[in-house]
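Chains: A, B and C, in written order; residue numbering restarts at 1 for each.
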Amino acid sequence: MDRAALKALLEAIIYVSEEPITIAQLEKVLADVSKDELRGALEALLEASRAPERGVEIRQVAGGYRMYTKPEHHEAVRRFVRSQKPPLRLSLPALETLAVIAYKQPVTTPEIKAVRGVDPSSALATLLEKGLVVTAGRKQCIGRPILYRTAKEFLIRFGLKDVGELPTLEEFEELARASLGEPEPAPAAGSEPARESREEAAEPGNA
Amino acid sequence: METPPSVQLDVYEGPLDLLLDLIRKQQIDIFDIPLARITQQYLDYLHRMEQLNVEIAGDFILMAATLIYIKSKMLLPPDPFASPDEQLDPRTDLVERLLEHKKFKSAAQMLQQKQILEQATWSRPDTAAFAGEPGELVVTLWDLVKVFREVLARPPEPPALEIKREEFTVAQMMDEVRELLRASDQPVSLLELCRRHPTRRGLIVLFLALLELVRLEAVVALQNELFGPVQLRKHRMFDVVFAPDTATEIDEQYQ
Amino acid sequence: MDRAALKALLEAIIYVSEEPITIAQLEKVLADVSKDELRGALEALLEASRAPERGVEIRQVAGGYRMYTKPEHHEAVRRFVRSQKPPLRLSLPALETLAVIAYKQPVTTPEIKAVRGVDPSSALATLLEKGLVVTAGRKQCIGRPILYRTAKEFLIRFGLKDVGELPTLEEFEELARASLGEPEPAPAAGSEPARESREEAAEPGNA
């Protein structure tokens, strides 16, 4: 392997390695390269990465080699990372609660609990914080519990024009059944009420 | 003539695949398909499927009807009063469909090659460090619907009825799993299996049976992703384990 | 900012970005840099990363820029990647369905079925599950069927800048006509592994 190819390979390995990679590890993988060659190429690689037009340098740390952005870019990089809208990540309880709200909106905490079998308060707090769910007045019944519905952010994040675009449970069943090769159509018990309530809910949401 | 059990029938995903294969193997010009011959071969294939007790999908039957219809149309003399549009070769639509289908088959192969090439490169393998809280997943609309269906499927509250204790043995449960898996190579959903045995004891016995089957390598449990559904599939020792008497022996150990 | 510093900064930002970063995003972060300067520096950066002594190159994918190891280091690099993305294994039906969606998007289930000759539900469920395909609203026709389109993940997994980078359908049409139109002695052998194996089994059937 020539020097250029060896440098390239070393750069690739350091890039993918999750932890600082040691000389010993490199020697093991590149058994056909002499130690001197390896050290020479590594030195050249580190040297090259320090050039002013490079933004990612390789440094020795904790007995190994690792890539870092340079300190002088610290500010800009941080600004960029902050400006990023990370992909929507939700815990399973939060996702479950969001699903119930999306399909049954507007809906109260006790109603969500009845469906999920678990108190949704903590998940609900997360959803409110992420702006996926908003309050929608109070239900005119004993205790006047708060109603929740999905927010505009929900539609944006899931790429929907309105909640009417949500796949119905029947449509989902069709796909799911086909993928599992289940011969029996599962009883679509819960699907009907969900659909009705959603249509009602869609009206105020669109207003 | 009796069909020897060793005869294997080619598996076609759909009628268009079968037709394309018939055409290709005989090096037929697709723009001049000998319809009588191809129809006969197509029907022969369906007939063999029948003999082997393979279930014939409706799509195959529909295509058979289409072929027969085109064949009959070709036997008729052209209608002198028909407009030039109607005088088109009755095979035209079929040829168009076959070409369209073939086009996308080639596109699929191109995609596969691209994907294999892409798999040889890595990008940001340490993204986990930048990800959100542990246990959080990037979600899509599909996850949302899937989760809602699962929530609805959950038994609401334990019913206050007294349930008669069922006397399921581990061997019986293993039998049931065998019956489910024997017929095909399709995986069976673990969730589905659990739903068949909603009681505590039923689930425990099922669990023991599955542990045993997995240990014996008769069954393998697969999960495609975190939180993904668990699927059960036949494993390499399936036939050995389910040889007569093996199951009874195991059950005795559990008594 | 001079060219070298700009290149370095761009490299740093692309390195930290979780997803392919778009020109628009870069323009926003580097508001004080002219668009021409930005594009020029970006081009130079891409060019430099392709040099043989570099192991990590910047490529355009899914409408943005992203760092990748080079394919030639595949073997050695694989041993260092701990958290490997699960390899994408798609069945032929799933790939064919994906191809139809990629070229005809947005497209409905009945439309896919018309091309493939079989119900695509099972393949579609797989593609949705793997995040390669997403829903794209409903078609304004009878039954309001769900529309599907390819997701960003599709572009990333298949290394595409955008769907426009795919070969045109006309090219495949020529291929289809060539392989089916005129009787051919030997159909393109290597390219159709699925078919080849099927052919052996088919012979006794014709007897």
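By our rule, a contact is a pair of C-beta atoms (placed from the backbone, for glycine too) under 8 Å apart; a residue touches a chain by one contact, two chains touch by 3 or more.
Worth saying up front: this structure is predicted, and the values here are computed from it rather than measured.
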{"item": "Higher-contact pair (C-beta pairs counted), A-B versus B-C", "value": "B-C"}
{"item": "Chain nearest the global centroid, as defined over all protein CA atoms shown", "value": "C"}
{"item": "Subunit A and subunit C: spacing of chain centres that average the CA atoms, whole Å", "value": "20"}
{"item": "Chain centre separation in whole Å, for subunit B relative to subunit A (CA means)", "value": "30"}
{"item": "Chain centre separation (subunit B, subunit C; CA means) in Å", "value": "25"}
{"item": "Per-residue multi-chain contacts in subunit A, two or more chains", "value": "15-18, 81, 86-87, 159-160, 167, 176, 181"}
{"item": "Residues of subunit B touching at least two other chains", "value": "122, 125-126, 130, 140-141"}
{"item": "Of all residues in subunit C, those that touch subunit A in their complex", "value": "3-5, 7-13, 15-19, 25, 28-30, 48, 51-56, 67, 69-70, 73, 76-77, 79-83, 119, 121-122, 124-126, 128-129, 134-138, 146"}
{"item": "Subunit B to subunit C touching residues, read off their complex", "value": "7-11, 13-17, 20-21, 23-25, 27-31, 41, 45, 48, 57, 59, 63, 97-112, 114-115, 117-128, 130, 140-142, 224-225, 228"}
{"item": "Footprint of subunit B on subunit A - complex, ascending", "value": "15-18, 81, 86-92, 95-96, 98-100, 102-103, 114-117, 158-160, 166-167, 169, 172-173, 176, 180-182, 186, 189-191, 194"}
{"item": "Complex interface listing, subunit B residues touching subunit A", "value": "122, 125-126, 130-133, 135-141, 143-154, 156-157, 186, 189, 192, 227, 229"}
